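The structures come next, written out as C-alpha cells.
Next, two complexes with chain A in common: one pairs it with chain B, the other with chain C.
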Partner chain A sequence: MLTKKQKRNNWILVIVLIAASLFFLFPVLWMLANSFKQDAAITRDMNSIRAFVPPALKGNFFDNYVKILTDTSFVRYMLNTLFYAAVLIILGVIVNGLAGYALAKIKFPFRERWLMIIMLLMIVPMETIITIHFLFIAKVGLLNTVIGYVLPMIVNPFNIFLFRQVFVSLPDDVYEAAQLDHCSPIKYFFTMVLPMSKSVVATVSVFTFLNVWNDYLWPSLVFTSGDLLTAQIGLNAITSNDNTTMGQKLAVITMITIPVIIIYSLFSKQIVEGVVSTGSKEG
Partner chain B sequence: MSFIELKNVCKKYDKTEKNAVTNFNLAIQEKEFIAFVGPSGCGKSTTLRMIAGFEEISSGELYIDGKKMNETAPMDRGISMVFQNYALYPHMTVEKNISYGLKNMKVPADEIKKKVDWAVQILGLEEYRCRKPKNLSGGQRQRVALGRAIVKDQKVFLMDEPLSNLDAKLRVSMRNEISKLHRELGSTTIYVTHDQVEAMTMADRIVIMKDGVVQQTGEPMELYEHPCNKFVAGFIGSPQMNFYDVQVERNGITFSDGKSIALPDTVTAKLQGYDHVIMGIRGEDIKFDGQNLDVYRETRQQAVIENTEIMGNENNLYFEFGGITSVARVSKYEVSRIGDSVDFVMMPHKMHFFHPQTEEAITVQGRGGL
Partner chain C sequence: MMRKKSQSLLGMAFFGPALVLLTIFLFLPMILTLVFSFTDFFALNPGLTHFVGLDNFFQIFQDEEFRRAFLNTLCFVLIIVPLQGLGSLGLALLINKVTHCKKYFKVAFFLPVVMSLAVVSTLWIQIYSPEGILNAILENFGISAQPFINSASQALPSIAVMSAWQGVGYQMIIFLGGLQGINPALYEAADMDHATPWQKFKDITLPELKPLCIFVFITITIGAFRMLVQPMVMTGGGPSHSTYTMVYDIYETGTVNWEIGLASTMAIVFAVFVMILTVIQTIATRDKEEKDVDKKTKKK
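What follows is the complex of A and B.
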C-alpha cells in the first residue's frame, strides 16, 4: 500500500513527466503534421496552433510521401540500411559476444589487462579513429563496397563490455554439465550462452540497429555514390536538393524516424537494462 | 584392478600455499557406492572434480576402468554428474534437458525417446515434461538433474551434495530414490556430502576427509564402531561422541574433575604405558536403565540434568561430568527433567581411547610410550 504522501508524490511525478514528454514531443508532432501539407499551408499555419494540426484527409493528403517514394530512391536506401543493420547485428553479436565470453569465462594470460584496454577503447570516440579506418579501407580497395562499410563497424568495445558483464555471472556448472553432455565450446556458446542471455543479445541488437540507422559520418566516407547508400545519406541528399519542398523534406524525416520510434517503443526495457547493467553488476 | 583407482592424487590450486588434497589413495570396485564426507573445505569437491576432469590433477594418477585418465577430457571419461545447484539448462524444457546429451552423442531419435520416457517415468516427472526449470520446485529440479545423468548409461555417477538445497523431508525421500536408482542401475557412484547421515545410510563405503587428507575409509558401521582417530569418532554419529581428558590409573581412569571409574582388565591393558589419554564414549553408551545400572553398579556415577533435547523416539540429556558437558542418548521411556539428579554408568567396552597428542585411536595393547 502506498501512503497518502507517496500517492501525492506519484501524481506530481506523473504530471512533471507528461509535461516533459510534451516538451520533447512537440517538434515531432509539428514535423508529422506539416509533412502532409503543401509549402503554402506550412507558411500560412506557422504562427498559429494549426501548425500542429494535419490538413484534412483529402485526395492529395499523401502527396509529399508519394513524391518521395516515386521520385527518389529513399525506400531503397532504407532497405539498404535495414540490411546493413541485420548483418551488423548478427556479426556483432557473434564477434563481440565471443570476445565478451572469453573475457568473462576463459582463463588466458593478461585477461584483466585486455579488459582494461577494451574499457579504455570505450572512451575513444569513433570520430577520432575514423580516418584510420577510412585510409585502411581505401588502401585495400573496399571503398563503395558493403564489406568495406561493415568491416570496421563489427567490433564494438561497448558491446564487448556489455556481453562480458552479463556472461561473468553465468554459472560455471552449466558449462561443466554441457561438457559431459558432449557439447563443444562453440556449440555451448550458441546453444546455451546466447539463449541464456537473451536480454543482453536484444540490448546489443537494439544498440547496433540504432547505431547503423543514425550513423552519418562513416557511410558518407565509404559510399561515394551509387545504390549502396544508407538512409541518412539519402536523407541528406534529398533535403539539400533545392527542388525538394519543405513538406517533402518533413516527409522524409518522418519516414526515417519511424523505425527508431518503433524500436524504442518495443525495446525500451532492453535499452534501459543495457545502460543500467554496464554501471553495476560486477560478478 | 579396481574399477576406479586414485593413486597419491594431490591438488594444489594456483596461487595457494597449501595443497587442497594431499595423497588421496582409493580403490573403488565396480557398482560400489562411495561417499566422501568431511567438514566444509576439506577437499571433497576438489577430489570429485579431479575425477570428473574439471580440475587438473597436480600429481598422482587416476584410473577409470583400467585406463589412465589424468589427461582425458571430461566427456571421454565415461562419467555423468549431478551438481549441487542442479546446473540445468534454463532455456530448455525438462525433456530437452534430459535428452540434450543423447542428441549430442548422436543416439537415434527413437532410442532417445525411449530413454527419456523411461527416465521421466521412474523419476515421476511425467507432468512436468514440457516445463522449464524455473517453473519447478527444488526437488523436481534435482530429479531432472538425476534424469539427465541416468539416461546416458555411463558407468560412473558423480554427485556433489545433490540434496543440500532441499528441505529435510524431501532430502530423506530423495535419499531413498538415489539408493534405489543405484541398486537398479548398478553404476559405480561417488557421492559427496557433508551430511554424515546421508553417508551412513546410502554408502557401501565412506571416505572421511579432513584438510585434504583421507582420515579413514571403510564401511559405515566400521567407521562408527572403530574410528581410527578422534576426528573420525567425532564426525560420525549424532550427538557427537563425548571426549574426556583422563588420567590413566592402575585399574581405571580419573576424570579432570576428580571422579574416577574402575575399568575391567581387558580395557586397562590397552592403556598400558600411557599417563593421559582421551577417552571417547557415544551418547547411547551412557546408560540410565535399571538393568545396566545393576550390571555396572561399581562404576555408577551421578549427575544433574542441565538440558534436554526431546526428539520423540529418543531424547538427549545434557549434564556436567568429567570436566565437560556430556550428552547421553536415551530412549523415550527414560524421561528425565531438567534439574533431576540421575545415576548413570558408562559401558567400559564401548569406550574409545585416543592418543593425547596425535589423537590416533589406541587399539593395540601397550603401544604407549609416555
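What follows is the complex of A and C.
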C-alpha cells in the first residue's frame, strides 16, 4: 500500500517529468508547428507562445509541404533511398545470412578462426577505411552510380555474427530430414532456415534500413550530383538553396523523419531488444 | 571422408560471397591504410610515391590543423560523456520510478534518436540562429542573445549539447533495461532493514548497474570520437576550426585533398584510439555477459 505522502510524491514526479519532457522536446514541437507557417509568421511568432502553436487550418496550411513535393526533387530522393535500402536488405540478408549459416552449421576448414576474425572486424571503425573505399570506387569509375554506393555496404561483420548466433541454436534433425527429402542446401537455407529465423531477419533488415536512411558520409562521397542522391544528401541540397524558405526547410526535415518513425513504431520490439542486448546501432 | 570434403566445399560456397566482399572492402582497405600511412601517396600523382617511414606520424602531430582537430575531439568527448551519460542514467532512474505515463516518457525522450544526425543538425541551425527560438526563450529569462554556433568559443559546446540531446534517449533505454533486470528481492530486503532511498541507490542500484554504466559511458565516448556529420552540416568545421574533428580532418585530407598517405596516418591514429576503447569495453563488460548467460542456462 502506498502512503498518502508517497502518492503525492509520485504525482509531483509525474508533473516534473512532463514539464521536463516538454522542454526537452521544444525543438521538435517548434519544428512541427512552424513547418506549416510562412516565414513572416515564423518571425512574428518567435517571441510568444504562438511559436509552438500551428497556424489555423486554412487553404494554404500545407503550402510548404506542397512546394517541397512539387518544386524540388525531394520525392525522387526519398524513393531513391527506399530503393537502396531494399537492395541492401535483400543482398545483406543473403550474403551475411549465408556466411552466418556457414559459420554456425557447416564444418569447413578454419571455421573457428574465421569466426574469430569476423568478431575482430566488428571493432574496426568504418571511418578508418572510408578513404580507401572512396579511392577504390573512384578508380573503377563507379562514382555517382548505384553499384558504387551499394557494393561496399553489403557485407557487415556485425550482421554475420548476429545471424551466426541465431543459426547455431537451430535444431539439426530438421536438416537431416530435409536431406532425406533430397532438399539442396541452398533451397534448405531459403525455405527452412530463413523462415525459421524471422526475428533475426527482421532485426537485420530494420537496422539496415535505418543505417541506409540515416547515413551521411558515404552517400555524400559517392553521389556528387543529380538524380541519385539519398534523402539525407538531398536534404542538404534543398536547404542550401537560397530559394528555400525556413518553413519549407522545416517541412523537409519533418517529412524525412516520418518513414523512420513508422519503422520505429512497427518494429519497436526488435529495435529495443537490439538496443538493450547489443547497445550498438551502427553495427 | 567424402562427406567431410563436400562439407568444406559447401562451407566455402556459403561463406564465399561474404569472403570476397570482406577481402575487397575490409581486409584490403585495412592493409592499404596501414601501408599508405608510411608513404607520401598523393592520389592525383601516384607515380611520385615514396616510402617515408614514420615521417607522417611526426608530421600530423606538428600540423596545427590536426592538433586542433585532435584537441577538439577530446574536448567534445569531455563535454558530451558526462552530459549524455549522467543524463540518460538520471532519466532512466526517474522513469523507472514513475507510476503514470511511463510509455509517453519513454517515447518522448527517445524521439530525437529517431531523427538522423543530418536532420537534427539542420533543425538546430535554426534553433541556434541569432534570431532563433532558443535566443527568444532565453530572452524571456533575461539572458541576452548568444551567438552559439557562430562563435569560436561556443560552437563546440553548442554542438555537444545538441548531440547529447539527440542521443540521450538511446542510453536511457539501455539503462531502463538494466534497471528492470535488478532482482526486486534486493530492494525488499533493504526495505525490511529500513534503508533510505539514497542507501538503496548507493548500495543496490549503482553496484548492479556498474557493468552497464561502463558499457554506456564507453559507447558514448566512441560515438563522440567518430563525430563528423554535425560540424559538416552546421559549421563546416568553423568558426576558425573550432569544430574541426579528427574524422573531419581524415575526410578532408583523404577525399578532398587526395593526400591518401597523410589521411591514412590520421586514420590509423584514430583507429588505435577507438579500438583501445572498444577492447576496454569488451573486457569490462564480459563479466556481465557471462553472468547473463549463466542466468539463462539456469532458467532452462
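Keep in mind that, in the parts below, the second predicted complex is superposed on the first by the 247 of 283 C-alpha atoms of A that agree within 3 Å, B and C clash if a C-alpha of one lies under 4 Å from a C-alpha of the other, contacts with A are read in each partner's own complex, and residues count from 1 in each chain.
Note that a residue touches a chain if its C-beta (ideal position, glycine included) is under 8 Å from a C-beta of that chain, and two chains touch if they have at least 3 such contacts.
Just so it is clear, the model here is predicted, and its values are computed rather than measured.
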Touched partner set for A:79, first chain B, second chain C, both or neither: neither
Chain B or chain C, by number of chain A residues touched: C
Touched partner set for A:154, first chain B, second chain C, both or neither: second
First (chain B), second (chain C), both or neither touched by A:133: second
Which of chain B and chain C A:25 touches, first, second, both or neither: second
Partner chain(s) touched by A:40 [first = chain B, second = chain C, both, neither]: neither
Shared contact residues on chain A - chain B and chain C: none
Chain A-touching residues of chain B, taken from the complex the two chains share: 52, 54, 73-75, 79-81, 83-85, 87-91, 100-101, 104-105, 148, 152
Residues of chain A defined as touching chain B within the complex: 171, 173-174, 176-183, 187, 192, 195-196, 198
In the complex, chain A residues that touch chain C: 10, 13-14, 17-18, 21, 24-28, 30-31, 43, 46-47, 51, 94-96, 98-99, 101-103, 106-109, 111, 114, 121, 123-125, 127-136, 151-152, 154-155, 157, 160, 185, 189, 213-214, 216-217, 220-221, 232, 235-236, 239, 246, 249-250, 253, 256-257, 260-261, 264, 272, 275-276, 279-281
Complex interface listing, chain C residues touching chain A: 4, 7-12, 14-15, 17-19, 21-22, 24-26, 28-30, 32-33, 36, 43, 94-95, 97-101, 104-105, 108-109, 111-112, 114-119, 122-124, 126-127, 131-133, 136-137, 139, 165, 170, 173-174, 177, 215-216, 219, 222, 226, 228-229, 232-233, 247, 250-251, 254-255, 260, 263-264, 267-268, 270-271, 274-275, 278-279, 282
